[in-house]
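Here it is: the structure, laid out below.
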């Protein structure tokens, strides 16, 4: 209930932060896909903790094991199960929150909903769960690549520092720096800001932008499962996300229809739009133009400062962040955003096969 | 495929703008609920065209008929089917778009996806479909009311005109003016702006905000079906929506964790948060505080001006808006946003019943 | 919740026996299918009451209306809603069972489950609901026909009277007699038996057999959604069904593996099986051979005799069948079995499109 | 796609016979359930190979590991992942079937459907997958036990040898003998028969009966998800099953309504039925009486004899069973039938919580 995503390309994740392992079953991956394990690992490495000085210094190598669904290097059409063992389980780090609710974490709501919770590291509510999404998303990417679809996310904002719009960026440079902003000048400032925030024992929010190129026309299912609605849900399901906009987004509300409408033109025999305020989606269906969207991440809730709170019994208490945490989540969120986008598109690609006779 | 919403409180809508009828089946409404037909009609009336000078002057009374699932005024637990006949079908108004793609409409994408489309009034892609959602949402509201849950949406922005934040508004005043903005001064300016836009034969975007009070703690299902992720999907599935944010939203990314975190306090024996940047949702689960979110609507695509485009064969063409259309969609979008919010919450209310032994 | 069937070719039915109307939404019918309304009506006519002397003499013409999803005679890929108004609503006939539970009907269980029920004619539990399935099944048949798939059901048993196995029958003769048994000699005896049962103011059970020819190899989804498992569920969901078997069925348990196994042979370049104990399905997937199965129907519960029972308060009571009922349900069940088989196959046909790259 | 079962109590299985591991995720198990690992292991032991002289002599201890969802011995409401490593992987035993289709196995249909297959031991089509079901079913049983529900399956037929009806049996004796038939005299004959079949290098079919006591009134969801329809699907999804009947079943078709109807009586304030031809289910909903049904298993397809077949290219070939296989599957099928019944009931138990206000 709530741990599955997708209709035909369908994933189910499991696992707690400090339990034995986390993982994912991918059900519905078409047969015959070459499963490149090196690529899956490289995607996990982009997400893993300890990768740079501006992420948590926790060490987890996030190596994975495929238990099923792949035979002689190819998908067989049966469920692909992937398991990532948890290694760095310093559970003692968390005894202080067994009975106390950390502000802006899920401790209180899990306790109230379930009556019982694995408090260690946030248990199921930990962002560690996203490693399973990245592994599954890597397989979705392999599928999409065969259709030529390219997904590129990057950090476009940290605090008030903003990168230029994507059309002015060279997205191949995203991995050139540790903050994953393809604009070198902005990247440098972002890194300095995050470093300062870390020294302040605080955290800060940011925005991840994502651009999808070469999407075939026709993906997305009206009425409720519009392409951008599923992208929105997928992004909002990532820990710490507070907002989603695509195409002209919130800024578009200030425009007039005569400014906002994307006129159709015939470009060498191909019907395209002159502008792209629509963000590549019209009526919930891809129109072949670039799909682009932004995802807002709040500042990480765990800070290295004392905070007032209450315990299970409602008594006043103080919690202070312990352990090793990210001062800003967006650099590591880039591959997660890409993974979720890939899962959405792979699913719609398969769903679209059943639309016509 | 894509025409259903919900897991336990589940709706399936059908119908085209200019076909015989539109409607909805609600499957999973608990038995024994008093179905107040007057209330359902009043909700439909809030959405219907022709209700004021700033909406389309098209006349449709949107009267509905319940075909099943209600016996002696109460739900029986079986599917509730509701049909709204289409009355004002001036199909001839649409012959000019049979072969031509209107800019920023779904004509092109439907044609490419399905190979065939009912072009009259946008067919299935018409916002007329949302009447079915409002009817179903009214029943969801009846269910939620019994739990004390209150859902209030209102227009918070038109173009660049913005109302104050919700905590400074008296939401009982929303229906006092035709633009549905509870701040009288802003409302007046918004009405004047929309009127001007109409005279300019143009359209303009806006934002609908929504506040949900008295939600029980514990609604929402981790991991993928987080409460705010489903709200986001539900809102993004409404025609013309470009963005969704809840709680601190996009503005929250600029804050530090020490500013953003909501400390827990014991308020007369009840655990609450001192601030509410979380927007009533933590870890995807309601925490009992106000849930609040914003929904961005682009300017309506149909404008009363000539626009360049192409036809099915890719030849250059000109389309000009005909018929009677809204210069700004947000006043009529208010009950739609409420309806979708009600459907999301009703579903989670039922899903939450199966969480504990 | 229980009123939907199918994954990609998906139906939702609604309606009570004596409410305003019954109907169905078909979501996922591929675009571009010619919707032959005459054929749909002819299928409904095979199911309708009053069609012969051995069925109920109730008169309902079961004429239908398509509300959406069809444009200029073709499916558009959007939901197809079909409504059948209820005409012969002699609700007074049912006042005697408002508070009394008819033996072997669903009165008691609906009352206990929902706390409220539409008692008139059994309400939602009435076999009248199957008209909606037949209408939807007719569209599934139109889809399957384009693939060459043929579905033929017939009455193979009434009481102890059995027709020969299907391989010895000419299935084109099924509609030649009112009991729908393609063996004329057996048909005659069956008709006489049902007639006698009717005179005895009693009812009797029977078996409907079904043969599906020309199914493409590869339909059916392991592990849980095996082709025969879905066929079984679909058949068992029909009112009055008590059993399902396919291929060698219950008789197969008495055989040895060396007798039961179907050897593969190369028949002019096509891999086939020499025998077909498998019933056209191996490992839950169609192998291209004839799919055949049997469906057991109990005697109709409504009999024209006094029966002891209790009322809602648990007081002893007597009910006697009133109105006009079938002495044997199987002749009218033939098109229902075919409809459900068509819905299962159409769904698997679409699901199979997403299996390979 | 086909590897999931259930709506609220939902399982997803994965794994091939000779891959690294098999397993299951259970999503939707209510929080707070004591997870008795000893009981889970004891259920797996009832299914495991090598348990007696009449089963395969293959040795697998089927020990399992819980990776998530359980904290301090209790379910937390998050997904419970269970993994069983494959140990006895004599893959070489299967090189002879890499390119050849075993009669009445799924080799041919998997190859045609997916274009690729893991041929070792049948891969995903192997009954080894059912170990995952038994593990999940054990947890469902723990949930049902708290409601007092008891599920007892047993072998009621092997070849033509039949046990008396369940009302004449002491079901507590099922585990007293290796064939799992609670009638000692019949059990002895069955064991002798299976032994003889084994010596004949052949196999034989059988029937597993199942009786469920103390089911609450109200479980099962009309219209398509009737309790017996889901039981039927669940049973038919087990390898080698060819038929399902409940209550009076196929024999019931020979009765008249006046014989078959179950009259209601007031038994000390409780409404019950005098007879139980309905098999505890009326209108698809449990009525509180015993639920009983029969499941037909064909003879195991692998026999220790030469059989004619073809290879992938359609050339004639001969296969002969190698390795260690069951001469009759029903003794080991007993816990599988119980597991699937438990999964169906646990799901309906949760679904029923959302039916009333």
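Which chain is which? They are A, B, C and D, in the order written, and residues in each are numbered from 1.
Keep this in mind: a residue touches a chain if its C-beta (ideal position, glycine included) is under 8 Å from a C-beta of that chain, and two chains touch if they have at least 3 such contacts.
The shown structure was predicted, so the numbers you read here are calculated from the model rather than taken from an experiment.
> Assuming a repeat means more than half of the contact pairs shared by residue number, which candidate in A-D, B-D or A-B repeats C-D?
A-B
> Please work out which of A-B and A-C is bridged by more C-beta pairs in contact, and write that pair.
A-B
> Same or different, please, for the chain B to chain C contact, judged on whether over half of the interface numbers appear on both copies.
same
> Compute the centre of every chain as the mean of its C-alpha atoms, then state which one is farthest from the centre of chain A.
Of all chains, C has its centre farthest from that of chain A.
> Any idea how many Å lie between the Cα centroids of chain B and chain C?
About 39 Å separates the centre of chain B from that of chain C.
> Can you give the whole-Å distance between the Cα centres of chain A and chain B?
The separation of the two C-alpha centroids amounts to 26 Å.
> Averaging over Cα atoms per chain, report the distance between chain A and chain C in Å.
Computed value for the inter-centroid distance: 46 Å.
> Multi-chain contacts in chain B: which residues touch at least two other chains?
As it turns out, chain B has residues touching two or more other chains at 1-4, 8, 13, 28, 31-32, 77-78, 113-115, 124, 222, 351, 354-356.
> Can you name the residues of chain A that touch chain B in the complex?
Within the complex, chain A contacts chain B at residues 1-5, 7, 13, 101, 103-106, 108-110, 112-115, 124-125, 129, 157, 159-160, 197, 200, 202-207, 217-218, 220-226, 228-230, 232-234, 236-237, 242-250, 252-266, 269, 271, 273, 277-279, 282-287, 294, 296-303, 305, 307-310, 314-316, 351-352, 354-356.
> For chain C, which residues count as touching chain B in their complex?
1-4, 8, 10, 12-16, 19-23, 25, 27-28, 31-32, 65-69, 71, 74-81, 83, 113-118, 123-124
> Spell out the residues on chain C that touch chain A in their complex, using ranges where they run on.
8, 28, 30-33, 77-78, 143, 146, 222, 350-351, 353-357
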